[in-house]
Structure formats: structure tokens, C-alpha cells
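In the two assemblies presented below, chain A is common to both, partnered first by chain B and then by chain C.
Coming up: the complex of A and B.
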């Protein structure tokens, strides 16, 4: 396990620079009693700084495992992770690993403190930041997720609604000032309004230069938020690169227990070129207006 | 997360297919027999029986060795204590310590008996799913109901507890990873600091567990669970000829050990 680096002083600026995350020949097995189950098979990927990538794949395809390996929470059985070109053990690797923010599936289940402020402050305090830096980070993170400190900081996390709890958990990760954010099924089991809120927050973060890796089944939101996508199935990267439709891209998603985004499907059924389907519904409505 | 909680090792072996009640009776008989008769000959009989059982069960030896590991220190301790402190004429003396052939025999006997004992018990838990084991114990405990011991309820409690151990381990693992991603570390500092580091794990774990217990109770009520009501089973325990054969074989082994 990596020890969190103790920063020399107050982290400066609104957000630290992005970082590139890559892996080479990454393989991983889970021990399941008497047998070993291979979760990833020689995964090769590269995420450039500040880009937003959707990690698509059916349940059990290895999305969560991949995110946890890249963040150093699991050790690869084969292959390696490269952060800004550095391998584990090299000078500066641990510090970069710390700058990958990982939001687990159902992260509200990890809330534990008596107040929202203390919960969000947990990460920054573990990093040994000065109290002033911690306060600043907490307030910034709470504001970024739409839970302003003056109204929410003193409340008990479990007094919040489900959607608010999810955003609070996101704030706990953002407070550590990540350069890139990994989200594992962030929209799962939220009501439509909470999903919209979360999507708007992620759009805002992406606009601020934060890199995003979004592991999800929600292809509509993935298409709206991400420039490119990786299709993972049975631990193998089936395809990686920009979204492509019209030339077998839909079939690729269907073949791996996914579906094309709603807008793409709409474009196809209207007899338009699916490759030109806009990522968002608003743009689609504009294009269709008489 | 590796833990020998659910030791069950699935295999399509004849031993796995035996009625769990008969297996419990057989293992009990062997364990009692082991203590009834202290002779190397009896031990050899039980040892051969245990080895035969192992062979038929198809459980790899490495897996058995893993089961023995937790009691290794007990084995070593038994051996050393008996070797040094058993009475008898010494064949070697190291200062105040006397090594006698009698001591060596006693130490060897007790250690071997312990190994046979553990292997026989492991054979039961490795070849029987925990839930089948609970069912068997509930059935065998039925006479206790006369004394108003709620055996069915106890069995259900044990079954539910066993059912949720893997779930809890999985949850602990996930929560620990999530908190590590937030900078927590669980292996730094003294005991107090380590205990404090567990708060971010234990609080969510308790909240999740209580919530799940509530939901489980409601779900059971919705399916008309009534404490103490007679239960029917999806897989009724049924004894076959092979189970009778097991009991006869084990009885033979015990008698042989007694006679020798």
C-alpha cells in the first residue's frame, strides 16, 4: 500500500494539474476459495490528462477491478500501471497516485463522520494538510457538489437525502484535489433529479479541466459526458477510442450487453447519419427543430 | 481477503454426498474413540481411516495443510511440553531438561492424536456445506426440544450468521479500500492509532448491517416466518444405503481400535 505523501505545505491553486494514466499488459485474478478467477486479461490503455473517457462493459466485465488497480488499491498479478510515465516505486509515483480520486460504487455507504464537514475533511487531514488548507478544501469541495458549507457543513451525513449523500461522498474525494476522477457507476440507484444534478456537477468539473473516467452502464450519460469510450468485456479491452457510430459501433455495444445512446438510436431511426448524432438532447432538439 | 471461515471445499466425491447427520455421528464416534483407547495401534487404525477418508474426499492435501496451520503452535507446544516434562528415565540431559524415551513416546502419541483429530474434523467441515451442517445439528438436537430448547430457531440464527459472513467480509474489504482511496491507512502507528483508524470502517459496516437485519426481518415476516413453527425443507435430509455403510464402517473401525 502506498503511504500518502505528506505535502510540504498548503496545496495551491484551484486544482492540481492533470495526469496521464496508462497500463501495460494488466492482468488480475481474484481468489475465490479453491479457484482463481481471472478478472482482467492483458489490459492496455492510456488516458491523457484532462480527457473524459467512458468505461463501458456489462456487469462483471472488470470495470471496478480496473479502476482499483489503476488507483493502487489492488496489486496487478501481471503488467504495470504508469502514471505520467512513472511506474510504481519510482520517485513521484505515490504522489501521483494520490491525485487519482476514486469514487466507489454507492460511495454514500462509506460516510462515517458526525458532520458533513468532518467527513469531507477526512481525506485532507489524512494527507496532513494545515487546518486552514483543510477548511479551504472542504468548503471548495462542498460548494462544487452543490452542498454549500453554510447550510450543510454542520449537518449529520445520514440526515441528508440519498442524492445529497452521494454528492457528499463525491465532495470527500474532491477535497483531496484530484487531477483526475474515477467514478464507478456514479448514477446507480439515484432518482432522475439526483442523476441530473450529478451529471451537471460532473460537466462542471470536466469544464474545469478535471480528467474523468466514468465506469457505467448508462450509455446516454456516458455519451453526453465523455469524448471517448473503452469497451471492456470479460476482462478484455474490446475497443478503445472515440465514439463511432454508423460503422458497426452500435453492433459493438449491443454485442457486449450494452446499447447505443438514445440520441444515436433516434438519429438512425430518423434515417439520419448515426455518426452525426449530437451527444446531448438539447443539441439534438435544436438540430431537429423545423 | 483470505479467511478460513467457509472452509467447504466442493467436490463430487462420495464423502460429500453422504448425509450430514451420519457424518456428524461418524466423526463424533471417531473422536470419542480416539480418547477412549490410548495405544499406538488404535491411533494407527484411526489414522488409516482418516487417510482413507481424505483420499476418497478428493480434497487436496495442501488444503488440509492450510486447515492445520492455525493449530500448528498448539501441536508444537504439545510436543515440546510432553517431551520435556513427561516422567521416565532420561537418555539425554540438557541442564535441568530431561529427555526420556517415554517422554518422546508420549509427545509423539499426543501430537499424532491431535493431528488425526483435526484431520477428521476438517474432513467433516471441508465436505459439508455449513448450512447442511447446521441442519444436521438441528435434527440431532431435536430431543432437546422436549426441554424447551429452541433448536430450530438456534439453527436458523446460525444459518443466517453463516450466510452473511462472506457478505460482511466483502463489505469490509470494499469499505477499507474506499477509505484507503481517501488516504486512510490501517497499518501505521501504535495499537491506539490503529484502533482509531478502524472507525471509518466500523461505522459504515454497523449501519449497513443493522439496515440489512431490519430488511431481512421484514422480508421474513412478509414470507410468513413464524418462530417455532414447524419448517419444511427444500432439501429434506434423507439417509441412503451409503450412509448406513459409513456408520457400519466407522463402527468397525472403532471396534477394531478397541480390540487391538
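Coming up: the complex of A and C.
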């Protein structure tokens, strides 16, 4: 299969075209002792290949559960997941499921190997790749997260800073060459500089064509990184689509324990059109003082 | 009179090559609200644990908290009664089957008479807006409600100092506002507060901010002075709150006269500039 060259900084090697992820009537219950608590209620969503989507909602709204269902770590009680239009059990489904890279909350808690190289190599080795392919994937992934192999591959993961550890955990997922990346609260507990670094890496990955689904409370970063958003509350999709600021999008977020992004609020307060608030602070400053 | 008076405080985790704290200095007066900031791994959480008597200091020139000497076995235990610690994840701190039971738990542990326990539970139910939730199961509450319950549980026991370790990190924006409002109320009631945080807009709520880097205090002063020091912020892996980040660009272009720190500041400065 011939491939366009991937931009510098993205995981190297052939990455197949993006992956479409959808679900129909997805419902899920957790067992809480004797009672069953419904976490998701008939969720219908479709993420086109290569798109970046923010999954927003209050704590306990079902964001993490939804990511795990879409990735096949949980089985739906009702409904189904469709990957490139295929349902579980159909030929090609499992291979597509593996191409969803899921980065858990606080993923650095799961670092376990004695070197960064071995930690990142774990996934590719599990997939049975040749040693040369594993090496290439590891080096590409380390480069993509700003931990170049020549300086970091031999280091112990615990000798890295907190922000570097999180990026290393991300490299472990990128090494398996996902077609789309799910991130569960990736900015929580990072210091401001580490958040900026991670945001820049995600922007670069998105620019390289990787699909992003970003479950987060950080509305500012969600707006800066994602072209559309899904609002989930109490297991129900309340709205999905473009941000719609200036057309009810602010109230929708406020009604679900979220808030509008800082720049949107600033634009509104200045009497400017909220829909035109630039997603990034630097662009906002530029617009205010050209 | 300092409630917290610590100098030369050192700590090393078992098996760790480097010390987490390498001679920290910290003095906090009665009624002060102090924010503690620093990069991941700078020692903030370790300091919070030590102040609450939850870890044993390696060594110190001086480590007095609420009159207890943390270096002595008795002081190290006694300080736990006077200093309440609230962590990031309320689920690690909630133990009761209902909100009310959870609030009584700490009071039962210090063996108060049951009438006194009931009185204190009623008091914190009101103070933290939890009365309507008293019979609810904590794990079914919103994140903000869970963290407020955990905070009320910590403060049901009379405390002289409240230490908070990134208490809003896991909360949605509304939950974050709820918890910060509760913390501000406690500050206004005169409780001494040490708030460990990564959020620069939370730093602005404090009277004073202490910045840690590699286990040492490298800044101690008003929040506005820290935010104005770009070089220091960068070296500490910190950043500006969004209003100040935009404000800085405007300041450089002489569109505003002084660095705005909050949304209100920024809007006022821009409107004044236009007038």
C-alpha cells in the first residue's frame, strides 16, 4: 500500500488511513453491590476519520465508560460499536479496534519497564512485530512526544519528570500506530509547562492526520484542540457537533457543569461575536492588538 | 505568631536516589492563606503530607506546626488532630455509606460524645451546603459534592490549619467553583490555609505564594509579584493565567498600562484603552 510521507514528528512507518468510530444505541450498567447503575443511555455518535472531538461532561457523566466501550475494554449491555462500519465479530473489526489508541487517566501509573525503550516497546512486541519494526516504532513514538531516543531510551521511566512520564505513556500508545487516539483527562495533575508541551504534541499529531477524541474538563484546551464537541451528561448525549458559541453553545456548557472557554467569555464581555473568538490565546491577543 | 514554622526540612522517600525536600523553609501565620506551587516533582505534595503528620520528616532545623514538633513521635501524631488534609481524589477519603455517616467518621475516631458528634455534623452540613444530601451515598454524588463532603469531613473535627493538595484537579468547572468557594469561606472565617495547586488562577486567591523547585522554596511573596516575573515562572514550569497571557501581549504592544490577571481586569483594561 503506497503511503504519503508522514510529517516529521508523527510516528513513523505506514499508518493506514484514519478510522471511523461510531456507536448505536449504546447502553451500559455498572454493578454497584446489589444495585445496577446505568452509566450510558442509548448513546449514538459518529466520529469521522481524522477529526478531533472534545468529549465534555461533568464528573461521572460517562466519558471514561464511553471511551472504554468504544475501545472494546467493556462490552455494551445494549447497542453496538461500529468501526469503519464493521460491527464486533465481523472480519477486520479486531484489527481496527487495535488501531484505537487509548490513553488512560494518569497513564504514567502504568509505566513498568526498567527503561523507556522497553516500556514503549511493550505494545509493539505484543503485536508480534519484528525487532526492526519494534525499534522503528519506538524511536518514532519517542520522537513524537519530545523524548528523543538517543537521550531517553536507556533511562529509567521513574527518573523522568511527571510531565515526561505522561508523554512516555503516550509514546507507548503511539508506538502501536493508532489511527485515532482517545485521551482520558490527559492534562490532569500536570504542571502548566507540561500541559503546554502536551498540548503542542497533540496539535502536531492532529496535524499529521491522527484522529483525536479528548475527554476532558479543560474547556479551554478542548476548544483549542478540537473542531467539534460532544456534551455528555448522566450517560446521555445532550448535544454533538460544532461549538456553536453565540448561538446557545455557552448556556449548554453552563447547564452541564462546564463553562465556556476563556476566549469566548472574553469576546462576549467585549461585545464581540463569540462565534469568532479564536481558539488560541496568542491569536486572541493578536486580534485585540494587531 | 507562626502556626507553621519550618526550616531546613528534608525528606527522602524509601529507596529514592534523590531527596524530595532539600531544606524547605516555610512560615505561615495564623489566618494566612498561602498557595504552594511548583513543577511536577518539586516536592509540593510531600510538603503537604509532612505538614499534616502523614509522613515523618527526615531531618529539619525546625519543624513546628501548631505548636507540635514534627520531629518528635508525640508531635508527629498530635499534629494530625490540628491539621486537616484534603487530597485530590475525594474517593480516597470518603468512607461512610451516607454523607452524614461520612461526616461523623472523623469525630467518632477522636471519641467525642455522641451529642457533640451530632452537633458538629449538623453544623458542617449547613456550612458546606450538604443538608439536602445528608442521606445520599457519597459515591453517587457529583465530583464537586463529593469533594465538598470530604472537605466537610476534614473540617468537622476542629482544625487550626487546612492543607489542600490539588483539591480541584479532578473536578468539572462547576465542582471546582463549589470547592473554591468553600475554601474562600473558610479563609474568611480565619482558618489558616495551605493550598497546593497547579492552577495559576487559584494562586491569585491566596495572600501569599511559595514556589518550590527541586525540593527547595525559591520564591515567597505576593501572587502578583510571582506572575509578573516571567523568567521565574518559566524556570518553575509555571505559566500565566489566560487573562495575563493575553494581557502580557497587550502590555508589550502598549494597549494596556498594567498586567491584567483576571478576566475582569482584562476587560476593564481594554475598555479603558479604547476610551
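Following the convention adopted for this analysis, the second predicted complex is superposed on the first by the 275 of 290 C-alpha atoms of A that agree within 3 Å, B and C clash if a C-alpha of one lies under 4 Å from a C-alpha of the other, contacts with A are read in each partner's own complex, and residues count from 1 in each chain.
The definition used in the following text is that a residue touches a chain if its C-beta (ideal position, glycine included) is under 8 Å from a C-beta of that chain, and two chains touch if they have at least 3 such contacts.
For clarity, every value in this text was computed on a predicted model and none was experimentally measured.
K.L.:
After the overlay on chain A, what do you see for chain B versus chain C, clash or fit?
P.N.:
Overlaying the two complexes on chain A (C-alpha atoms) leaves chain C and chain B clashing.
K.L.:
Does chain B (first) or chain C (second) touch A:22, or do both, or does neither?
P.N.:
After superposing on A, A:22 lies clear of both chain B and chain C.
K.L.:
Identify the partner contact of A:275: answer first if only chain B is touched, second if only chain C is, both if each is, neither if none is.
P.N.:
In the superposition, A:275 contacts neither chain B nor chain C.
K.L.:
Please work out whether A:220 is in contact with chain B alone, chain C alone, both, or neither, and reply first, second, both or neither.
P.N.:
After superposing on A, A:220 lies in contact with chain C but is clear of chain B.
K.L.:
What is the contact status of A:127 with respect to chain B (first) and chain C (second): first, second, both, or neither?
P.N.:
Once the two structures are laid over each other on A, A:127 reaches chain B alone.
K.L.:
More residues of chain A are touched by which partner: chain B or chain C?
P.N.:
C
K.L.:
Could you tell me if A:73 is touching chain B, chain C, both of them or neither one (first, second, both, neither)?
P.N.:
first
K.L.:
A:107 contacts which: chain B (first), chain C (second), both, neither?
P.N.:
Only chain B is touched by A:107; chain C is not.
K.L.:
First (chain B), second (chain C), both or neither: which does A:259 touch?
P.N.:
second
K.L.:
One more residue to check, A:59. First (chain B), second (chain C), both or neither?
P.N.:
second
K.L.:
Which one of 75-83, 93-101, 129-137 or 237-245 is the stretch of chain C that crashes into chain B?
P.N.:
75-83
K.L.:
Enumerate the contact residues on chain A facing chain C in the complex.
P.N.:
Its residues touching chain C are 32, 37, 57-60, 161-163, 185, 188-196, 217, 219-220, 257-259, 262-263, 265-266, 269-270, 281-282, 284-286, 288-289.
K.L.:
In the complex of these two chains, what residues of chain C are touching chain A?
P.N.:
Per the touch definition, chain C meets chain A at residues 38-41, 88, 139-140, 142-144, 166, 169-176, 198, 200, 234, 237-239, 242-243, 245-246, 248-250, 253, 255, 263, 266-267, 270-271.
K.L.:
Can you check the complex and tell me which residues of chain A touch chain B?
P.N.:
The touching residues are 1, 3-4, 31, 33-34, 68, 71, 73, 98, 101-102, 104, 107, 109-113, 122-124, 126-127, 158, 172-173, 176.
K.L.:
Of all residues in chain B, which touch chain A in the complex?
P.N.:
2, 6, 9-10, 63, 174-175, 177-185, 187-188, 199-201, 203-204, 207-208
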